[in-house]
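Labels for the chains are A, B and C, by order of writing; each one numbers its residues from 1.
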């Protein structure tokens, strides 16, 4: 638990560094975020020009913002972007005006049910400007004139995303994706970014079977851009996981791929069921995070999504209450641990062929079997060997063996290793 | 509810008109029945000569009856066909004789467990004569001589059945079948005839996708005759429903086709599950009504059967207690409503292909999507569009989409319409 | 019940005769066993020389034993092979020595948890010598010198097994296998040998459809030897049953074949479910009896295993408590009865094709149907005919018909017989 806790603290520290930045689907906030992540793992950063056609979409203009506020006639800032990046409607066009509160209200977003929270709102594809604020702040404003200022730019520029690759023994890829477009929201998705970062770092210390590709990209348009620019690589993506909401106190939720029986789905279900954690497995829906794009019917990739409390499933979702207190080192460490367990299974889950399939091979003369017969307590390792031999017909994976036998995957994989070493099975 | 209740009253009025007629598998009772139905919807009446080979069967001689009675020595009719068509064994050969009660008993059918009810009995393929009467009537008869008279004819003639077609946009057919061979039995099957008649009338006011063919024919031999004479048309029958026992107070029962997963089976299960009615879905059995013929293994059509209390499932079944009081306007209206709901789903249940299957198409620029992002409450209509896009791979029907998404079929169908209108999917 | 009880008594008498013999995987104990079984049913005995390569294995040297004991310095035999064949470790190499108890302990096997029972232990493939004794016997031995003697031989010789064939109407075979290598253990597997013997005798009095081959062979190496020497015959084996632990008081357990949906699996499940016996169906595992060999992935035969309490599932397993009191005539008679019921189903379970598949054939004119219509109580035999006609599409077996209809298999088979006789279906 100690090393994991250390990783949890480090991940929380990363979240804290990223939290103040004003991210959006384009702009310098994303670049600053990737700069920080790049201090942990090397990143290949891509800049895609405004106007680039990506699948059915077009890369939008780049949005940047220096300042934004609502000030009263005394010049006092009653709402200030400097206090929280959430205060401005994402992708707000610039504005500089004075208007009565009655007119301003049409541009203000609040959460009447949570009067102390500031909502998160955007208007990416419809030119708007607006502010988000606490209901109680709004309620305290006297009628009268207000100065409104949004010092933003919306100009031709670039969409920014980054990749990090952990090379494997085979070119087949596992994609791990997280969105980097949300401003000061800790669980959605700074925790996902942090877990992805530390997962990459952990995998790099092994020599994994698969090549693991980590994608840090803005939601929707970022995944679509990656898919559009990597049409030839998509066929190599055999499995994938979208990480989001990875740090809240809730139980883990795995949302299955559109296929529902993809290998990643089976691996995640197995690992979660085998662990003693509370968890939930959710059916695919075409809503949520970037699994929507990876699982669109033309691609239909085996990509699921791992969260703690899922998309929109907690009151703090998309509000200022999704803050640094809402995510914990322990929760992020737990999410990271499950990812590592799952990839450890995925990475070893192969189909073997029994090279001595007629009758049982004589394990004893190969030193693989307890030589003293007549005992009723077959050892688990021996059972695992018999199960691997029985099901190694090219149809069953080691995960199939584990599930049908009820034996731990590690035991089954070790048995396969021993049998492979003895020349009794081939991959 | 008001128009439905009106239809219920009209259907009950039709049942009342048909009730007194003495129907059998051939004869003038069937013709008179079809004449009355023909006042509601145009019918094409077919007359098939005695001796015609139909599949494994032969059209039998035509049976007609003018009078039948048992009279005591005083000439008093103790059993009289004029009082109820049930009193005579269906297809009785003529008889005119005097005999002691002891001898007559061998020709009398009663229901000892329901001493006031008259049973319904027939002997189509074995020459017999007989009377059906209440047990209490029989018990009251003193021993002695009785005059028995059945003034029937059994001669070469015709088997009569009728069709009504509601033309659709495609030649693929849905067959709706009901048997018209039972005498004064209200639920079995005058209620079925009435619901079929009003269903045809309702469909004719729309322009359905499928061509709906209504078949009014005697049980077994009628369906076999239709199948024998329409060998080339059978391939066009994509779905079908046999209507019987459509007016009793019990919950609805859908009996699945032999295939069990035919589209009509799935549609009926969906519509019944989505409604708030109590209902039961029964497995196919090769007994019951004319689904036996449509589902015989050579045809194996997707034809189920809709009843309220099913075949032989109520004590009044095939007795004089299946009378005009046993069926209600409300029950018939409810059966009709379910048929209409089911056909409304069946008629729109198509498979689409997503023309923009790589990533999500940008719904926003097509005016199909709420342009203000960041809100967690995706609207049902938008979810339906995403689901239709996700599953429109040519494999899934809109019913699949509705069942997998949990969204109402109407919402899914509307979403498909919007996407089709935007050129994003094709049928 | 009377004849069955008689068979039960006869089977128990056979077990009593076989009990004292010291069987192993080779040697004269097996030959003496087969001599006795041969008094009940004719056996073809095979002798396979030491050193013969059989699949991945080699036929081992033949082991025989004349005497074995541990004696104290007074010459008193404290452990004596003459008292029980279990006292010597199976396949012990010869030894003649005097040693202190402290040194001897390394060669002694006991069951501390059952201090009065003698365990059964072997060392077939690793040269060892040893004794098995009750813990309480060991505890009573004073420290000091002991004479140990095992007068065994381990020399080139033969492996012995036997076959008995009940010829059928077709060359397709059902194999019934039991192991004959265990010494004085009544349930494992003298009861299995006895049930197999009387099953063969019962089948020979009929003319079964399948050819039934009974195999009496030592466990593992015997089955492997048979498979190696009958490579061309294996394709004829359509079904099979391994009999073991057939006489204890527990409920019946059927362990499914590796395929899990082999016909024998379905037949056994059906027969057990239809009977009023308590029973258990177990999934296949690659451990247990010779189903391990028959179900190895290269063969993957439809061979299950029938036991009462299964392999290693009772405390008496592989101990001296598995004695003549542990098995009963009633239990063996019950196991035999289930085997006969199962084979009676298997033997008649064929797929038919309806020769009149378009609509129902007119059963009435063929005398197959109650001619008096209108009655609601369809007779079971008529329902069975309708079900057979409905499902005789070449895809469904009579067992499918029985399971889908809920009718007894016997009724369904009789209906198929009647329809076949009437020329309405063909096999």
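Quick note on the criterion: a residue touches a chain if its C-beta (ideal position, glycine included) is under 8 Å from a C-beta of that chain, and two chains touch if they have at least 3 such contacts.
For each chain, UniProt lists the protein as follows: A, B, C = Peptidase M28.
Here the structure is a predicted model, which is why all the values come from computation and not from measurement.
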{"item": "Rotation, 0 to 180 degrees and nearest 5, that superposes subunit B on copy subunit C via CA atoms", "value": "120"}
{"item": "Same-residue or different-residue interface between subunit A and subunit B, half as cut-off", "value": "different"}
{"item": "Averaged-CA centre spacing for the pair subunit B and subunit A, given as whole angstrom", "value": "55"}
{"item": "Subunit A, residues touching no fewer than two other chains", "value": "none"}
{"item": "Complex contact set, residues of subunit B against subunit C", "value": "55-57, 90, 119-126, 128, 220, 223-224, 227-228, 258, 283, 285-287, 292-293, 295-300, 312, 317-318"}
{"item": "In the complex, subunit C residues that touch subunit B", "value": "354, 356-362, 364-365, 371-376, 378, 383, 386-387, 389-393, 404-405"}
